[in-house]
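The letters A, B, C and D name the chains in turn, as written, and every chain counts its residues from 1.
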Amino acid sequence: MHTIAPELQVAAWLNTRGALSLQQLRGKVVAIYAFQMLCPGCVSHGIPQAKAIRAAFSDQEVAVIGLHSVFEHHDVMTRKALEAFVHEYRIQFPVAIDQPSSDGAIPLTMERYGLRGTPTLLLIDRQGRLRHSHFGRVDDMAVGAQIGRLLGEVAAAPSAVQCDDTACSIG
Amino acid sequence: MHTIAPELQVAAWLNTRGALSLQQLRGKVVAIYAFQMLCPGCVSHGIPQAKAIRAAFSDQEVAVIGLHSVFEHHDVMTRKALEAFVHEYRIQFPVAIDQPSSDGAIPLTMERYGLRGTPTLLLIDRQGRLRHSHFGRVDDMAVGAQIGRLLGEVAAAPSAVQCDDTACSIG
Amino acid sequence: MHTIAPELQVAAWLNTRGALSLQQLRGKVVAIYAFQMLCPGCVSHGIPQAKAIRAAFSDQEVAVIGLHSVFEHHDVMTRKALEAFVHEYRIQFPVAIDQPSSDGAIPLTMERYGLRGTPTLLLIDRQGRLRHSHFGRVDDMAVGAQIGRLLGEVAAAPSAVQCDDTACSIG
Amino acid sequence: MHTIAPELQVAAWLNTRGALSLQQLRGKVVAIYAFQMLCPGCVSHGIPQAKAIRAAFSDQEVAVIGLHSVFEHHDVMTRKALEAFVHEYRIQFPVAIDQPSSDGAIPLTMERYGLRGTPTLLLIDRQGRLRHSHFGRVDDMAVGAQIGRLLGEVAAAPSAVQCDDTACSIG
């Protein structure tokens, strides 16, 4: 039994015209790569793997989204710093800045999804359900296999699911 | 329109009790890695990728087979040499020795499949049809995706296909 | 004919108690790695190579110094951001922050040495003379060889050279 | 106190016109890479490192020699097999086939030098003395450094050392 992935809570988007929502991506597999620009494993492994996903699949079938979930060094991993990072590392997929918490270090999407840290890869199926979550390093072969399997599944009728800001229901 | 993959023509098998046939593997995805033990790209890329396939998928779903298709240096890439190679490189999946031709350099399976060289990865679906052929280097992400997709497809009824030594028919 | 390497012009030092000077390092080979924290080639190649130099040689013989020469994205590659970077990437050698220019993008040491960009590796011999400068990627084997050769040379009498803030003379 | 490296005992040479001797290479640093063509670590690490040494240094200063020291699978690592290997892996430096023992698995040079296995890198200085021996994996940076240091040392007068087939003396 897989639950519908809750919407991302986003302070700002880079590399996209207007905000994205998981609901509007229903019908595609969505790969969300949570990262921090000053996290060494994200830079050496996560970002290249996100690019590899984008290269291996059609964007008609798979949407790749970066999620900048800052939970340390908040004062230097700012939006401006991230923009420089995205430029220098030639990241071309949309990047969401995880909404900072008003009273804690963990940003809201990271909290909502219960992420353990960065990098974390989340894979969401065509029906919008969270199917896989990988914290740390995971092989390209295994990621390709999971996405390939999700693509082989039949997509749900997009109208069947309804979501508001905090919850989704099938009805 | 994909054709049924013809059976391998095999002089001998290593790492398996008795000969394998594609027909008996019907229902699984089959990854055949054609290689030569003295081919640098096979050693640096092909063999590790074959191992990665084996690690990423259950052998209930995906069968990995090495195919030693010698088309040069025939006098030194002998069965005994291959056995030493398989031992030293810790190859644990079944390896078929492609049947040498009586009148040419190209062994029979390589000829029948029209392979351009080594390494070549052949992917066969659950219904026994040849679906992908990759000569040279191909990314793990892409291979994982193709196998994952094939696994998502419904398997045909195994009895529907009949093969003899040189041809297969659905009937 | 090699000239005495001019002193670094440094806004602040990290990972060291008190400022370092090339003059006080006379007698050692000095490897200066100019980098920027948001430069991908510096992160993937330069920093690991600087660590490899440090691991391969005794710090009695070779001093490794990072030089953070920011010539773009000045507003986000701040001292605080660099401190976070140095912490996350576990950099343990001294890092000098190249003195920003009051009227241009290029910091003062970068200007004085005529560096083309980052990463750049500068190798200074035991007599304080600039002997090699590598912009971009250079093999570990070649770097090891150059440092090894410099170590084989006889060190000059340290008192023979006198430097002030902008120039050095042998006298 | 370093001893003069004994001459290699060689069944045959590849990639060279006539036999080489350490005595005739006196004045150069000599890097001898002991390997077996079916040793995975030799293929993935040793051969590429031998090529890197050759690329980083002038052959006027450093001689690179492969030493095929077969101590297992003797029946398949034959001269003909080695020739195919050398061709396929584009090895261009001279390769000596270590003289097989008449009554044991260990070939004569391997025995004489007391090598523990393959790959092993031996570094001989300009005076013909064995200075470093590395069994297994060693970093390019460290190898470059050791060769660089040896190059910095003054070469002995070549005539000072006299060797016959089994021993060398200075005088």
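Everything below uses one rule, namely that a contact is a pair of C-beta atoms (placed from the backbone, for glycine too) under 8 Å apart; a residue touches a chain by one contact, two chains touch by 3 or more.
This is a predicted model, so every value here is computed, not measured.
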Relative to chain A, largest Cα-centroid distance belongs to chain D
In angstrom, rounded to a whole number, how far apart do the mean CA points of chain A and chain D lie?
53
In angstrom, rounded to a whole number, how far apart do the mean CA points of chain A and chain C lie?
39
Quick check: how many Å separate the C-alpha centres of chain A and chain B?
36
Would you please write down the residue numbers of chain B that are in contact with two or more other chains?
none
All chain pairs that touch each other
A-B, A-C, B-D, C-D
Going by the contact rule at the top, pick out the chain D residues touching chain C in the complex.
49, 52-53, 55-57, 139-153
Which positions of chain A touch chain C when the two form their complex?
38-40, 43-44, 72-73, 75-78, 80-81, 84-85, 88-89
